[in-house]
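This is the structure I want to talk about, given as structure tokens.
In order of appearance the chains are A, B, C and D, and numbering begins at 1 in each one.
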Amino acid sequence: MIRVAVQAAAIDVGAELDLHDAGGHGASASFVGRVRGDGGLVELFLEHHPVMTEAGLGDLAHAAADRWQLGALTLIHRVEAMAPGDTIVLVLASSPHRSEALAACEFLIDRLKTDVMLWKRETFGDGRVTWVEAREGDAVRAERWAR
Amino acid sequence: MIRVAVQAAAIDVGAELDLHDAGGHGASASFVGRVRGDGGLVELFLEHHPVMTEAGLGDLAHAAADRWQLGALTLIHRVEAMAPGDTIVLVLASSPHRSEALAACEFLIDRLKTDVMLWKRETFGDGRVTWVEAREGDAVRAERWAR
Amino acid sequence: MALTISYFAWVREQMGVAEEVVELPVELADLTALLAWLAARDGRGALAFAEPQRIRAAIDGVMMGPRAPLVGAREIALFPPVTGG
Amino acid sequence: MALTISYFAWVREQMGVAEEVVELPVELADLTALLAWLAARDGRGALAFAEPQRIRAAIDGVMMGPRAPLVGAREIALFPPVTGG
């Protein structure tokens, strides 16, 4: 079962876990990314290209499902306005085999950073508003999976 | 916060997540291992050396905390009698940084398979009872972390 | 030829619109020519497309390089490199 | 010298006890000699320790190799290679 969503609403991690686990799996790996309040950040806004973001997440999910033996895969990305502590992204990958669940989860979170059409705008307590620049590190991590 | 437990009671994943997340973290990686009902397995019994298992898990947790920047780490292993679908092991690793949380989680689950004093006995529906032999693969995976 | 151009992130802010329908001169061959045309069109375009190497583009939902032809395009999206995930 | 020997997994099952206090001959120098002595002591020991290369040992909670000396030991654990996690 593949579940992909791009949503402005808060991600309910508990409910997603229940949905994902309904089948029961030998091994489940997960990743939760949250908004960090570094440097006085008060709001993170994620702008997205609706069609391309959905398509990008769907392609990623299917690439993982082709590559590893997965019983279930959940990929949820939040967009628009978020506060520090909010969950931005949730990846759940389950497999009969521990190494496949772990590898798929890491692949998905690495590739998410570069393959998905999202732009981050940060608003700080002192009023500054900046668009985040693309970082080299993410492209390098994602490239490890290119082969 | 490091939490390590070896317990015969069922692992309450939801409660452990809440406990672990109390602080709020930028990135959280998790691994859940469950008993598989392959080949008609009806019971998995994990025998352990109480002192050495506790010490082994504690050493592993501290090794991970020394190596990566972790805000919280949870390592829980169930022992004694379990049924298919039951959670055997739970690893939660949180960090301000995604790559540290993922690496710590993978390190812990790989090393758990070899560093902890546990023996598995499988009981099948047809009455067979066998002690599982050590597998080469686990030792190889764990060695990747030796450096 | 008439097509829809959509803008994202700081490109959208500098252009002041999320989307517009434009009538392009037929001699615009590729994305590079389109960015030069937008930069020459008005002050907002001059600001947003002053450094074309900072811009990425998708034609009808597919990422394209600077020499991609415009012929047959229905929607072109212009934006900075993604920072998401 | 008197010490506690504990057994785990199939070694425990074959020995029929989880733990015993034994009086060892003083000439037993190391773990290899201990396994040979247990194998010679009775039928259960002969079965459990027929293949000493399948046995792992810990002295006072620390994993030790076959040539580890017994002197000063208080508790020796004997077991198969671990399969846990």
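Keep in mind that, in the parts below, a contact is a pair of C-beta atoms (placed from the backbone, for glycine too) under 8 Å apart; a residue touches a chain by one contact, two chains touch by 3 or more.
All values derive from a computational prediction rather than experimental measurement.
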For this session: From chain A, count the fewest steps through touching chains until chain D is reached.
Result: 2
Exercise. Between chain B and chain D, which partner chains are common?
Worked result: none
Problem set entry | Distance between the centres, which are taken as Cα means, of chain D and chain C, whole angstrom | 76
Exercise. Can you give the whole-Å distance between the Cα centres of chain A and chain B?
Worked result: 24
Exercise. So what's the Cα centroid distance for chain B and chain C, whole Å?
Worked result: 51
Exercise. If you average the Cα atoms of chain A and of chain C to get two centres, how far apart are those centres in Å?
Worked result: 27
Seminar exercise, completed: By the touch definition above, chain D meets two or more other chains at residues none
For this session: Could you check chain A for residues that touch two or more other chains and list them?
Result: 33, 109
For this session: Can you identify all of the chain pairs that touch?
Result: A-B, A-C, B-D
Exercise. Which residues of chain B touch chain D in the complex?
Worked result: 33, 46-49, 51-53, 55, 77, 89, 109, 112-121, 131-135, 138
Problem set entry | List of chain A residues in touch with chain B within their complex | 13-14, 17, 24-34, 36, 85, 96, 98-99, 101-102, 105-106, 109, 141
Exercise. Which part of chain C faces chain A closely enough to touch in the complex?
Worked result: 6, 8-10, 12, 58, 61, 77, 79-85
